[in-house]
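Shared chain: subunit A. Partners: subunit B in the first complex, subunit C in the second.
Let's turn to the complex of A and B:
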């Protein structure tokens, strides 16, 4: 009964922490640390304040990281990377293959250790998660049961982490309309067009005035800000070309339509050569990787690449809310085009 | 799509009962959907709904509740202000409108003395003489319908624009600051006023064929929705087509939101701005506002007639009607609208086009004022014109002497007019010099031109903007215009 209620509680936490769930996959450090650091009397020391710990989840002394295990700067859990209940395997549940880091990989900060793995510095195992006990002796007497841990604040000395360093990077710049038009055509294989007075014309040329393309009379510089107007029409473009792409590919695969003509590089259907609803998890994963290269020019570094997690999540949830097997692929296509990695560089 | 709709309805019903549901996928599909994926999916859908609820009370609330704009009870005050900035594009000839010269005093035979050449006799069209309004203010022959508001119009003359470049002059007026090269410095007046007053409007700032700037200092909700014509405005406010199943759309938006919330997105100013803009774009289309601007609809027949709209594709009359509609429907706080164009008459088209197009613009302004004056402001007994300031401006004016081509080139000395709300109408502030129409210093307290430059200050666009800002309580420390307001521009 208690196990059931705890599972229900964890499910509730999951519902309320989507952002944290996804962001926990991020590998880059976030500027704000999630732990509340309190200055201590000792030089260079600090204390992590963990208030209102539930008795059942209070880490025992043997599970607390010791001073020698203090996380390094790169490993400090940061805002958005703090492990949430959703990332923690439920007791008795075996993580799926896709969720387990591959051999040789060290779980990043914020990821909970999996059974059989030794938690690295900076990770705080939670009661209920199977893991190797830490052999280090503890200076404080170990409480016999979790009920003995007072509910008020527990202070543990911890080294003050260095301030987050903003890595040097080039600011993003938006594609101009001509570049965007070509990018859509190259990646989807179709230009965004509409019919006007019986003629097919490129929609971005119709909208060029409104979207700020210079006419070199009244306007000489193109506004490259990611404005609401730009993003609205980008969404329109993405939906239009992605739906058309999928319809063409479905018709082509079923033999009802003409073979797809590609105005750019021949990337093939979004779902590859198979049938959109009958791909295995491995095949879907491979297609997501292919689409990331196709739309964003990113080659995922590993199965646990944070960027893959978004698209995998979108694919799974889209297939969950729709019976049409092609809908998740449309969703992926639209989301990838409206993602800043597509329209900025 | 039918299958999707039925499934969506079922899912919506199940989610509304807050039950955890089992997917009805095939075995193969079930194998691809991990428990974590299921939970994340549910969290995505539920989280979005929760986010909508959480939005209430947030800074984005005005956008979230935009669909209710104008429907609920509204707290009105005599101090409520709305703004329509009417842009005459290309550089107007103020001799034909706001700063005329009597041809009897400025005849062709005295050009070498006066350095001014009204040349009204060369104009084609109706007006060929200066017009004296009953208030004593004189106007050029092409002042058009604005003459009927002579007692309510305040004219600022002898204003220096400090530039002869179209973009620089336009940006100079809009921001009150000299551009850096062609780059606008600071935010434009419509953005400032929208940021200060427009938090409740779904589209606080609308710009129709006029630039608008936000230098990043002001909240993004005040960024202008800038369009070039009514079709694009309607298209902007219309939901995306083709429509995807709503839950799929929500999943897409959720994935983009979460991507933006990660460290890389948080670090990038571009990405942060894009994320805010994406949310704004969603809210704009969700409110069903497009029909309020589709003046082709039958219910707008009277509006079309009132604004003399004959071309429903794009015309200055149509833009004027859109401006009034945006203000009076409670959608917008500030509208920047181009009411005249093609005024850059360097050649003999000055005789045929300058006057006609300028007059067309003044007629649009007078119809805007007529329409505002005819509508009661939320049952207060006052009209919308009592709450709306109309400002007419151009980037600069044209030389007082005709060039060798029979046209006029760019000139620094400019004029502007203001009308409505608390504007002290029926009088003139400042003056251009009798010889050569140069800017003259003005006693800012009295509004009278002074011959001794040390006794006054040359009026510039920032004086006008500062007056508007000071009336609604925007502090000089924020806008940093470094000039005082023109007290005589406002009624005490």
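Let's turn to the complex of A and C:
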């Protein structure tokens, strides 16, 4: 019975991965800061570190300003009104027409590009609106011939535009295998193990050579890249521990099994103290908040937080494709472990 | 490469300060000598004096306050997560997240992370990546007793020809003895083969094993009156009671892992709260458990693949532990010649030549790996190619002019081994070795192993009879041999190269990237704060994790 249940989970999770991939491609905005650690097509690629940074100042991914919120012509976004990640220029790139300087580099009024004009190198834009589609140039009255200004005098070549300031920072880093092993155990309450010769051994210690942990004899540098191989085994780990966690908690809640033992901190069942299929929308929302902290250390700022919306979507989709009430929780658990916010910091 | 230039007026005072320090035990003394170069200036060695960049105390780096908002920095909960992973190797607890939700990442919270018991383990992990302290690929003993597979008797291959005429095992049948207790043999195809006896080996006394009777002999002395524990091809000697003098593949694996753990325990102890970072290079202690005590007491005198004698430790001072006491660790005090991790058996066996030892130190703690210049080394003329002194040989001298004096700090630690050549027994020049070298008489093993007894060129002739470490050693470098690796550490601390490099390596560890040109002033300041703060490694870590570089992630 348990094996059948496991197989059902696996099939379902495969479906979920595919749907999550499709969804993230459709709905998730560009995950700019995570891009280097984001597996292509990995489950749950929507949330972005940018939302961490200066929470409350920069709109988070998914919080695209509505039409009413878009800066209007003549308005200059302040540093706290930095445009969304999808509009952010990549560091090192010179913003071109239609692009927006990064926060802190808000051009002054005198530096605004002329509407409809693309500033070229050596030119200082002198008017315009940032982050707004270029408006159609309004037909201007024909100037009298005596007032004609030679075209080359419109642009004022003063100096090269200042390069974008790259503030001192560190890159996102993948957890090393020791950290990952403990993080899985802490978050799920179970270590990822396998049985070898009758003994339970930690799978990540078995895989340490394969996954680039140095032995300081043949290999002296630790490979911390989120390689395809790493992601494959992380996926294996997530599916293994999440399914086992849910089975243990279900058995414990139904009184059929022993009280659940936690090898790490007791965060409780994924769905909390209630019954998995009988949670109200508010309770589900609260559990998603709790899981975001538990797995990613993200403190949702509001229900409109893009991350919350993403996980809510995953929960609802999982509920839709399976009648088993625990399935959405398994899906959330797996997706959260395989998300870059879990395995990197 | 940055380093501290000591102004001339202070050189003499500084030298006196160094010479007055016969021990590095007190980091306070260190502080005094390092404070002297508060009149020092970090300089770029390749640039002229005028371009020296000065970092005065008033310009010293101060990390931003935690309450100070930083542009595009991590949210408090993600900052806490990063801190916890780096400093404790694990995720924060629910209560810590709740605390941050209430009041953000506070000074108290960061202080508690910096004083956590898990921090030394994380620092040790980082230092393993610098020191590469693994020796899993080594096999120490030639006196290994092993089976031929299955439930066959254990036997020693290297002693077999002395017992049986050829390198063959004994018969898989119980041994027989004559009336005097002598082992009886049977002639099989010209070989005299004995049977086996059952022995409870020291590594697993609860499970007796078959052992060939010759190998299982327990006599302490041979027929000629020699100690059996030091012999391995003597027919009247075996492995001793419970096979005490012999190693097995199982026991060797335990000894190897114990040595590595001893190395890591020494580092963890050095990084415990309140200790100076320099304890890493000054500690005169060795952590010993049961397997190590057994190995050091009973097996060093046997046939070893590496030089373990003269033993670097007073064997009589070892704790009385059984081989099975794997988890019982006792710190043993060593002589003043030891220099923490730099003379630990694991470091000496991992880097088996003095040049390799110096090179690792330069790379890991001075950020100055020995590398040829871009474009290669100049082509030498024939005469300079023949110069046996690498400090002078064209091409070689590019590195070896510095590497040879640096390597000589390990001159009293034998290569391919961990033995220590005590100055009393192994002076710079020994009369018997000099005499045998000059006259051509037979030299003792000690002379052959540790002294120059054969000159292959005219330049070597003046050094005949000298300890190897003194060959081609200039007068000003002879102190290196006598004072050992601690002098190297001391002098590099004084030059500020080591504190700066430690700051750089630590920053690279915590930031997860190589440092860039624009980071250099920051690292210089970190290094200066580190040395002026009494080499408190936790303070250095604190400076880095509070910095905007750490708190801002892309």
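As a convention for this text, the second predicted complex is superposed on the first by the 176 of 345 C-alpha atoms of A that agree within 3 Å, B and C clash if a C-alpha of one lies under 4 Å from a C-alpha of the other, contacts with A are read in each partner's own complex, and residues count from 1 in each chain.
One rule holds in what follows: contacts are C-beta pairs under 8 Å (C-beta built on N, C-alpha and C of every residue); 3 or more make two chains touch, one makes a residue touch a chain.
None of these values were measured; they are calculated from a predicted model.
K.L.:
Taking the superposition as given, does A:204 touch the first partner, subunit B, the second, subunit C, both, or neither?
P.N.:
neither
K.L.:
According to the stated criteria, A:340 is in contact with first (subunit B), second (subunit C), both, or neither; which is it?
P.N.:
first
K.L.:
With both complexes overlaid on chain A, does A:241 touch subunit B (first), subunit C (second), both or neither?
P.N.:
Touch partners of A:241: none, neither subunit B nor subunit C.
K.L.:
Looking at A:280 after the superposition, I want to know if it touches subunit B, subunit C, both of them or none. Which is it: first, second, both, neither?
P.N.:
Touch partner of A:280: subunit B, not subunit C.
K.L.:
Who does A:183 touch here: subunit B (first), subunit C (second), both, or neither?
P.N.:
Only subunit C is touched by A:183; subunit B is not.
K.L.:
Contact-wise, after the overlay, does A:316 reach subunit B, subunit C, both or neither (first, second, both, neither)?
P.N.:
Only subunit B is touched by A:316; subunit C is not.
K.L.:
Would you sort A:215 into first (subunit B), second (subunit C), both or neither based on which partner it touches?
P.N.:
second
K.L.:
Would you check which partner chain A:299 touches, where first means subunit B only, second means subunit C only, and both and neither mean what they say?
P.N.:
Second partner only.
K.L.:
Going by the touch definition up top, name the partner, subunit B or subunit C, that contacts more of subunit A.
P.N.:
B
K.L.:
Pick one for A:168: touches subunit B only (first), subunit C only (second), both, or neither.
P.N.:
A:168: touches subunit C, not subunit B.
K.L.:
Under the contact rule defined above, give the subunit A residues that sit at the interface with subunit B and also at the interface with subunit C.
P.N.:
Correct list for subunit A: 169, 171-173, 220-221.
K.L.:
Which subunit A residues qualify as touching subunit C in the complex?
P.N.:
33, 49, 51-55, 79, 91, 103-104, 167-173, 175, 178-179, 182-183, 186-187, 214-217, 220-222, 224, 265, 267, 293-294, 296-299, 345
K.L.:
Touching residues of subunit B toward subunit A in the complex: what are they?
P.N.:
Touch list, subunit B to subunit A: 1, 3-4, 7-8, 11, 20, 23, 25, 28-29, 31-47, 50, 89, 166-167, 182, 223, 225-229, 232, 235-236, 240-245, 247-248, 251-252, 254-271, 273-274, 277-278, 280-281, 284-285.
K.L.:
Which bits of subunit C are touching subunit A when the two form their complex?
P.N.:
71-78, 80-82, 85, 89-94, 97, 100-101, 125, 128-129, 132-134, 136-137, 350, 510-513, 518-519, 522, 547-550, 552-554
K.L.:
Would you tell me which residues of subunit A are touching subunit B in their complex?
P.N.:
It comes out as residues 11, 14-19, 21-23, 26, 28-31, 78, 80-81, 86, 93, 96, 98-99, 166, 169, 171-174, 207, 209-210, 212, 218-221, 225-233, 235-236, 239-240, 243, 277-281, 284, 306, 310-314, 316-324, 327, 330-331, 334-335, 338-340, 344.
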